[in-house]
Each structure stands twice: as C-alpha cells, then as structure tokens.
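In the part that follows, the structures are each spelled out as structure tokens.
First subunit A sits with subunit B, and in the next complex the same chain sits with subunit C.
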Partner chain A sequence: MATISQVLKNRKPTIRLSEPQKTAIVFLAPAILIFSIFVLWPIVKSVRYSLYDWNGVGPLSDYIGLSNYQELLHDKIFWKALKNNGIVVIWSLGTQIPLGIGLALLLTRGLKGSSFFRTLYFAPMVLSEVIVGVIWRWIYQPFFGMANAALVELGLDKQGWLGDEKLVLMCILVVATWRYLGFYIVIFIAAIQGIPDEYYEAASIDGANAFQRHRYITIPQLIPTIRVSSVLIIVGALKSFDLVWVLSQGGPSHASELVATYMFKEAFSSNNWGYGSTVAFALFLIAFVIAITFIFFTRQKKDT
Partner chain B sequence: MSLTKQQSANTLTKKLLLPLSNLGELLRHMHWKRFFRRLFKNTLMSLWMYPIAMFFAVIFGYPLVWMVYSSFKPTRELVKNVWALPTGVSFDNYRELIHNDTFLNYYQNNLIVVLVSVPLLTIIAAMAAFVFARIKFKGSNLLFYMFLAGTMIPVHVTLIPLYTMLRDLHWLNTLTALIVPFISFNLPVSIFILRDFFTKIPSELEDAARVDGCSSARIFWSIMLPLARPAIATVVILSAVSAWNEYLFALTFIGANNDAYTLPLGTLSMVSALGITHFDRMFSVLTMATLPILAFYFLAQREIIKGITAGAVKG
Partner chain C sequence: MTMKKTRKMILFCTLALSMILTLSAGHVEARQSPTIITMWHIAVESDSFYSVLPPAIERFNATHTDVQIEAQAIQNDAFKTQIQVAIAAGEQPDIFMTWGGGLLQSYVEGGVVRDIPELDTDLGANFIAGGFAPSTFDGKHYAVPANLAGVFLYYNKDLFEQFDLTAPATWDDLISSCETFSDNGIIPIALGNVNRWTGSFWFMNLVLRAGGSEPFMNAYNRVEGASFTDPAFIEAGAKIQEAVEAGCFGEGFNGVDYPDEQLLFGTGLAAMELQGDWNYAGLLNVDAEIAENSVDVVPFPLLDSEWGDPNALVGGTGQAFAISADAPAEANVALLELLGSDEFGLAAAENGFIPALKGFDQNIEVPIVQKMASLLGQASFVQLAYDQFLPPELAQVHLDTTQQLFGLSTTPEEAADATEAAAAEILGAE
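Right after this comes the complex of A and B.
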C-alpha cells in the first residue's frame, strides 16, 4: 500500500498539465466527442446488432451468435453485390485514370479556352447525384429517351437500358464516369502543372520525341497522383449508393446491386436489421483493411 | 503600332514575295524537317485538339442544356422529338414553382441545413486541426490517424445504429437528424485540410506571441484563424456543396416527414409524381433545384474546383 501511495505522490507533478495541453484537451473535445458518438460508437453497435435476429422495432433479444455471418457467406446476392463493387472499381480505374490523364494533357497544352473546357468538364461534380440520376433516367427512358432516339437514328434496335439485366450496370457506370471524370481531370491537371519544365527541356535537347517525353517524364511523375486516384476510386466504389439508388435501386433482380444498396434494402425495406448490420459490418471490414493498407504504405513512403 | 504593322508588312513581303521570285532556290534551301515539325505542332495539333475538347464539352454540357430547354417543351413535343428545341418559351412552370409552398419549403430546409452545419463543422474542425498541427502531446498521432481512417469509412456502416440512436433521441424526421451526422462524417476531411495548412504557418509568429504572453487559445483566434482564411474557405466550400447535395441521411432519417424534406429528397418525390404526365414541369423542377448550385459554381468556379479537389490533392 505504501508503495502505491508513493507512486501516486510521485506521479502528481506529471498530472499537472501545461497551458497548451489544457487547450489541446478543450479544443479536441468537441471533435472527439461528436466523432466517437456518431461514427465510432455506431460501428461497435453495428457489430452487436449483427449477432441478433432483429426487426428493428422490438427489444433486442433474439441472440443468434454468428449465424448471420454464416448466412452471409452463403448469400448469393451479397457475393453478387460484392462482385458488382469490384466491377465498379475495375471500370473506374480503367476509364477515370486514362481519360483523366488524356484530357488533362489536352488542357495543359496552351489550348485556347482550356479553362472554359475545364469548368465545363467539372460541372457535373457540383450537381447532386440525385439530380444527375434523374437526368440520366430520362436519357435512358425506353420509349422516348435520348439513348433510344439515337439508336433509332442510327438504324439500330431500341434497348431496355436500365430495365435490362445485362445493360443496367454498364448504364450506371457510364453515368458515374460522366459525373466524376471532371474531378480526376482537375487532379491530373494540377499534377502535370507541378512537373518542372526543365525536365522536358532537357529531354528535348537529348532528342526525345513527344511520345518519349510523356512515356519517360509525364507518366512516372504522375505515379503518386495515380496512386491517390486509385485509392479514391476504390474507397468511392465502396461508398457509392446515391446514383444506383436513383437509377435502378439495385435492380432488376439484383443485376446492379452493390453492397451498400443491399445493406440498405435489408435494413430499411425488409426490416432485417440484424442481417443488415452483418452486411454493414462486412462492408466496414473491407473498407478498414483498405484504409490500413493505404495508411501503412503512405507512412512507409514518408519514412524512407 | 503603325511602325510594327509596317515592319510586319515588310517581313511579309520578304518572306512571301521575294522567295516566290525564286521558288526553286527556296525549295532547295528550305529546312523541310523543321517546316513540317512546326506545321504539325502549330496547326495540326490544335486541329485535332479542338474536336476532342469540343466532343467532351458536348458530352458534359449537353445533358444540362437539354434539361433546361426541355423544361420549356410541352409533353407532346417532348414525346415527338427528344432533341428538338422548344417551339415557344413560357415561364409559367417557373412562376408556379416559385409560388409552390412545398417546393419553397424544400429550399428553406436545404438552406437551414447548410447554414447551420457548415459553420459548426468548420469551427470544430479548425480547433481540432490546430491542436494536431501545433501542440505536441502523447497519442496525438494515433488520434489523428483515427480521424484519417474516418475518411474511408462508408457511411452505410453506421446507418442502422444511427437510425436507432436518432430514434431514441427523438430526432428522427427533424433537420437535426441531418445536421449532426453530417458534421460527424465530414470532420475527418475538414480536419485533414486545415491541419495541413496550420502546419505550414511558420512557427516564428507563434513563438513571438508566446513570448508576449499569449495563451494557445489566443494564438488560435488571433493569429492562426485569420492566417488560415484560404484553407477555411476551402473547407466551407467543400462542406457547403456536399451539405447542399446530401441525400443518404435525408432518405434514411427524414424520409417519413415531407415537411423536413431537403431539395434532393423533395426533388425526387416531385419528379416521381410529375414525370409520367408533365415532363415540362418535371424538368423545370430539376432546373430550379440545380440553378443555385450551378450559378454559384460558374461565379466562383476556381475556388469551388479547388475546394472539392482539396482533400484529394493533399492526400
């Protein structure tokens, strides 16, 4: 006992905080409080809910252990949704980055009016995804939509677009590219403008042609930006919901289902709150692994 | 002016007329390689660049233009030909909308959400960012990484527990149910942008103020915040645009109360009701819902583009 009181006595001076430390506590308190209550705590609660069979209304009493997770592993719709999320990532990596770099190169070559083009390309980014979704819903409208009108003009057969299981995901991905491409163009413009002119001058003196200059200067210099864009695309794909919800609600027959839309439907349409939480927590785990990997890699890069 | 004109006229004669008198000589002595390279660079390059730039301009711009002019086309015209321009321009639909209380209420709710959540978010984030950038303490890095990881958490993960929490707090179907979660989820990126700026402010200012006996809080208010104005503008713009467009929280937490609907939710419900018969009215709803943000964008496009891409560029 004596030792404990001694220890406490010895610790006392260190407990006294300096003025900046007190300020630190006061200044951090609101952010930490709000973030813990409305972001972190719900994640913990979501784990708890995922162990129950619950319809969201009554008391939380039907404890079923891990059977929701077992069900998840055998849930064909969940895997389909996850696969669709993967398709979103692959499509976005394959379109946003090459098109973003290409158009950024185009707009950084002293083209007259390039700032006008940049403003226009970026415009869809400020619109709500709901508005974007509604506009495109009418473009894809099967009876008099623009997409079918164009096909008729070309002498081709009309398509069902959003109503067609085979086409629906592709249709949504086109809209997503339309909405987000401006964002990547602007990021790549900033990156290209950051490359020192001396590199290109030196290369020209050495007799490098335009292709070689881009191959050996532009692209390597853009690697960090390409990496950041890839992370944003992967994280963004996991978060995407609004557009799909407005365009197709994940249908028809789950053809455009994403993990987020599936979770939302399970919880708020079918009232399977326990199982919905299981899907949500699976989504969290995937995002968490990606986040940790990303932070790990960026830290490593800074250390070296 | 006249002199230079004359000079250029002179050079023109020299370049064009004199060589023409001896074309064969000229062709023999011309630097063909350089000539074609320049021709290619100056003319052909911009010749292929403009069509591509215009092509994408049409792809990005046309749907928006189409939305606006379709709002002037009566349904029968639209069904006959989607592309055609309207035959007449009548603002009746817009006049109706401006006097439509439900629609005005959506607008008002949206404004309240933006005007309440953006300042609160900015000040809370700025305080935290200041601490992360300027005050060393144990665990500071760990806490910061916790927030950083928060930028990657999909909102959907917390939707069910948030719903039950807001239900217990009796906040469901009120604007508070939008504002508080919105602030929480936008803290990480705001802290991130502001911290980045605070770390770049030279420490001499802070040191001088400390010598004069300033407290940390005073340093924050009187030195750091005024200096961080550009970063604050970035955070305000980024969060204002995303608050204006927020849909998921609205759909989940206020879906049952039409009086609390914000614009995205309200537009969608109006559009579903109108779309089947009154296309012109539907498109005028869409146009009215986009107009403020598009106007804001074209007025301050440089700042808005910077704001929306800030989080990414700094990553």
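Right after this comes the complex of A and C.
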C-alpha cells in the first residue's frame, strides 16, 4: 500500500527544478532576453510588415493579406536572385570543401614553409568583407585594373568583368572563395590533426597505400567536420550581402542579384517596406528549411 | 579582502552619485536651455559642402540664444538608409536633407513633413523661385533649397586640341570625336554606371533633345495619348546604344562606380564626362591642375543641328532641407534664416556651388562654375532628375532599364514597354 501511494505521489505533475536547472535558467536568461529583443521580435515584426502594402512612411494601414507573397511567386527578379543564391551555394560547396581538404592535407604533412602558406591562406579572413570588396573592385577595374592589365600582357582582349552581365557572378564567386578558403583550411587542419595516428599506423601495417589511407581513414573521420562546414557554407551563401553589395550592388541589371541585395533594394531604394519584409521572410524560411533538411539528411546517412 | 570591498563600495558610490548628478544636471539645463532643433545633413568632412553648411550652422548658433541647431553629418549613402529607418520609426530629426521629388512627396502624403509657407513671405523673397520646383506639391513648399544644380558635358580641352577636335555641338560630333579618341587609345567618355543615376543623365538629356520637355511630363501626368513609350524615349534608348556600340564608354562601365568615373576624367584618361556642377569640386580633388587648366563644360549636344533647344537642361535643386511635422515651431524661421542669409549665399558661391539665392552669381570666383551658373540661369526648361522626381519604385525601374540599355541587354522598345508597364501600375492607367 505504502509503495503504491508513494508511486502515485511521485507521478503528481509538479514543476520542481533541480538546482543545476535553476542555475542554467539564471545564466541563460540574459542571452534569451537579448536574443528575443534583437532576433525573435524583429522576425515577428517583419512577418507583420510583410502582410501590408507599406512604404515606410506613416502608419501601417493598408493590410493586403498574402498578396505580397503571391507577387513574390511571380517576381522574375526574385527567382533570378534565388537562382544566383543557388549558384553561390553549389559553387561554394564544390570549391571550398574539396580545396579546403586538399590544402589542409598538404599543409599537415609537415612540409617546409607550410606555416607560411597557412598564414597566407588565412590572411584574407582577417580582412572585413567590405575591404575585400574594395580591393577586388580595383583589381577588376576595366580601365586600369590588374585583371585587364594581365590579359593585355598575355595578348588577350580586355574584359568588362563586373560590368559584364555574363561574367559578374563568376567574378564575385572567385573573390568569395579567395576570402573564405582559408577559414575552411584551418577548420580541416584542426580536424585532421585530431585523427589518432594509430589508425594510420594500423593501416600502414595492413599495407594500405596513401590513397587508401585517405579514402578509408581521413575522409570518414572528417565527415562531421564536412557536415558542419557545409551548413556554414550553405547558410553563409544564402545570406551573403556585403561582398556583392560592394562589388556590384547586384547589377548590372540584376545579373548578380542575391535575395539579400534584392531585399535591401526593395526596402530602401524602392521604399517597398512591406514587400521587402516579404522577401526577407522568404529568405529566412528558405535558409532555415535548407539548413534543417541538410542536417537531417546527413544525420540519417551516418546512422545507417 | 576588506580593503578590496571598501574600494569597490567607494567606486560604486562614486559611479552612482555621478550618474545622479549628471541626470539632475540634465534636468537643470533643460529648464533653462534654448529650443533645440535637430538636423541631419550629408556635409561630412569629405563632402564639398562641408565648407559651406557646417560653418553656417556655427554662425547661426553663435548669433542666437533662444534657438540652437544640433546638427549631425551623415555620409550620403548611409544617410539615405538612416533617414528612412528614422522616418519609419517616427523619429526623424526636425530638419533633414532631401532631394525633393517623389520621395519627399511620399513623406508629404504620410504626414511626416510640414509645409513652409514662410517661403512665400518676405523671408523667402531672397530665394530663386526655380529652386522650389522639386519640393512643391499642390502649390505648397515643403523644402528650402540650399543650392541649385545642373548637368553639363564636361570635356578635356587639351585632349580635344591634341586631336584637332572642338567641343561637340551635335550628336554626330560627339560620336565622331569618340571614334577619334578610341582609335588613339583614350577613353572617350568616362561613365561609372554601377550607380545607375550616372547613365540616367544620358537618357534624360537625350529625351530632352529628342522630344523636348513634353514627353516626360505628359507621360508622368498620364495625359491621354502620352506614355513612356513615346518616340522620344525610344530614340533616347537607341542613341545610348549607338554610343555604346561606337565604343564611346569603353568596356565594363556598368561595373565602374562614380568615384572611378571622376578619377578617369579627372586624371585625363578620359576625354568627356556628363555630370552635375558638383562634380567639379571632386575633379579639383583628383587633380587640381587638370581641373583648373584643362576642363570646360558645354550644354548637352543637339541631336539635329536644325532642331532642339540647347537651353533646356537637366538639373534642379542640389540639396534642400525639409522640416519634420513635429518639429518645434521655431524650426521654419530658423531654417530660412540659416539658408537664406547673405553669408550663406556668398559661402556657397565662393566654394563653387550655384547658390539658391538671388544676386550671388558675380561672387562665383571659379570661371567654370560661373559658366554653369549662367547656363542654368538662362535655361528655358530645367528637367528634374527622373530618379528623384518619380515615385521611388518607378524610379528604380527607370534606372534598371537604362542600365540594361547601356549593357545592350534590352532593346529601346522593351525598355520603354517595361517602364510604361510599371508606370501604369504605380501612377495609374492613362
């Protein structure tokens, strides 16, 4: 009897926090508060704006329901921007991860000068995106820039670079890779150094060659790092803004438009704050869904 | 330990006390202080207006006790964003810079700014009436102009002389001189069209030359039978593409920005540039010797030597200032005193600006600025810049289609159709 009543007593749903839980809440509170004020609340506000036809002047009065979202679905520039974002994602994944791993492998072999190269590759990372943009604007300058000077030296025709609708996105991707490669090299170096030497020793004893050692030890051991890097790259590529803004402002004629630059232009140049908020929320949803899906699928693969 | 604790206690008390003191000091000051009028402008130190506006504000504050202007300078591009955020939040400063036109009109409609009836009284008699045009809606003035502006064809006299050319008077002259320059490895025309308003100058001038002032105004006012597909717009687009194909702007100009455009012309790498009068101050910064000795301006060439009015030009107000609807009552008179004083007109003229006040033309010391001021004075029609005049959304369509025309990625007809479609949606059907 006594035991049954005790069990029932224990089942009673009481909100009793343990000491560590209380401590956790106290320590998390400031962060949650700041996060709510500066991240959650603006998202809520911007969802609200996206339901209005609002030019940023005067009160929110023109409620139009989901019309902005309907317009978005038929907006050619938005789809072009989204396609460009897709190109950025695919390019970044396809260059930064293989190149990052490759160079990290070279730099961890203890070759002469590897610390010099490590610094060299990492150097662009310490520059802000805006400064990187300004530097490359000069390199791509069609009349007196380095890129065209090099072409002339080689006896080739000058190019319009950032002014050429067909080249502009490629030009920006090259800069983005230059800027971020160092970061992923460092991440992969750290991961490679974390792989226990015993694995390699064992493999060598079993007669595995260099390719096999990398194929069956290094790469599998790097999977978690590759996954994290991929999420960083995807989210970074989807929300990228600064570099494009400084290099081309999304132009010429939207050839290098990204969703983030389009959002900025709609809100601040066209004064369509409602529609700009719609673009912003769409971008948020897309980035969120892609990142979650990616994490989900890569997890599944690991488990099976 | 106790020592540390006492020290901490003392520190805490001092901090708390100093906070209380500063707070109360603020209160005391507020009770006795003059009316504060806040103001945002773009005359930062690197801006050529820096030597005109900030000293005028200092003078104003020194000579007034009851009203004080608290000004904040914000760089041009940052200003555009910040003022809109401030307005959206209802926290705009009492006085702020504006270019008038469609954007200001949206502020008028939103009740953000108030009208300035004092401009119609003796207080405003000093101002050149033309300066009110971009900021007058329904007969009410909503901004006080600080300077006037006009767009002219800058050219490098030395380069023209070197190849026995004269300043282009007609479009054919312009194209043929472009060919000469580009054959000789000189960039014929500097254009930094990342910013798009730079290319818009070409389009607007060509429309003016092709059809006069009516096509644009009629299309804007949705007059029956008028539209943005008028032959003048198509011809303007076609002329732009003719110039691009003739190599007048070189390669890649759609990716070059305005500062680089200034650099190309200012260093003598390019022979021509279509820019506003304000550009001259920038050219002086690039290379004062070239700017002073080799640079001159002419009105935009005629398309046909037999037809067209060389006195019609693109321009209007340079900078103007609007007053927030909830500004202190003293703001109107204060602003008029600030920008309407003789000292201000003189300072503007002496620093190479075209004053918005009457009777200062002779004070302009720089010959080229004097020439621009007198061309503006004689103007038979002044076309306000489309991108400032039109509602912001339509302005963006105009800027985009013009950039596409320059990039040869659209045809003049398609560009005109796209602009008309947007106009029909934003301004209403004809």
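Keep this in mind: the second predicted complex is superposed on the first by the 260 of 304 C-alpha atoms of A that agree within 3 Å, B and C clash if a C-alpha of one lies under 4 Å from a C-alpha of the other, contacts with A are read in each partner's own complex, and residues count from 1 in each chain.
Going forward, contacts are C-beta pairs under 8 Å (C-beta built on N, C-alpha and C of every residue); 3 or more make two chains touch, one makes a residue touch a chain.
Keep in mind the model is a prediction, meaning the values are calculated, not measured.
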Handout entry: Partner chain in contact with A:251 - subunit B first, subunit C second, else both or neither
Key = second
Exercise for the section: Could you look at A:79 and tell me whether it touches subunit B, subunit C, both or neither (first, second, both, neither)? Expected result: neither
Exercise for the section: Check whether A:260 is in contact with subunit B, with subunit C, with both or with neither, and answer first, second, both or neither. Expected result: first
Problem - subunit C versus subunit B, contacts on subunit A by residue - result: B
Problem - Touching partner for A:190 - first (subunit B), second (subunit C), both, neither - result: first
Exercise for the section: Would you check which partner chain A:159 touches, where first means subunit B only, second means subunit C only, and both and neither mean what they say? Expected result: second
Exercise for the section: Based on the superposed arrangement, let me know which partner A:268 touches: subunit B (first), subunit C (second), both, or neither? Expected result: both
Handout entry: Partner chain in contact with A:297 - subunit B first, subunit C second, else both or neither
Key = neither
Practice task
Could you say whether A:45 touches subunit B, subunit C, both of them, or neither, answering first, second, both or neither?
Solution key: first
Handout entry: Touched partner set for A:63, first subunit B, second subunit C, both or neither
Key = neither
Practice task
Touching subunit B in one complex and subunit C in the other: list those residues of subunit A.
Solution key: 56, 143-144, 268, 273
Problem - Of all residues in subunit A, those that touch subunit C in their complex - result: 55-58, 137, 140-144, 158-165, 168, 248-249, 251-254, 265, 268-273
Practice task
Give every residue of subunit B touching subunit A within the complex, in rising order.
Solution key: 45-46, 49-50, 52-53, 56-57, 59-61, 63-64, 66-67, 78-79, 81-83, 124-125, 127-128, 130-131, 135, 137, 143, 145, 147-165, 180-181, 183-185, 187-188, 191, 215-217, 220, 241, 244-245, 247-248, 251-252, 263-265, 267-268, 271, 275, 279, 286, 289-290, 293-294, 296-298, 301, 304-305, 308-309, 312-313, 315
Fill in the blank from the handout: Touching subunit A in the complex, subunit C uses residues 80-81, 84, 87-88, 103, 106-107, 109-112, 187, 193-196, 250-257, 260, 264, 269, 392-393, 395-396, 400, 403-404, 406-407, 409-410
Fill in the blank from the handout: Note: in the complex, subunit A contacts subunit B through residues 19-21, 23-24, 26-28, 30-32, 34-35, 37-39, 41-43, 45-46, 49, 56, 103, 106-107, 109, 111, 113-114, 117-131, 134-136, 138-139, 143-146, 149, 178, 181-183, 186-187, 190, 228-229, 231-232, 235, 238-239, 241-242, 245-246, 259-260, 263-264, 267-268, 273, 276-277, 280-281, 283-284, 287-288, 290-292, 294-295, 298
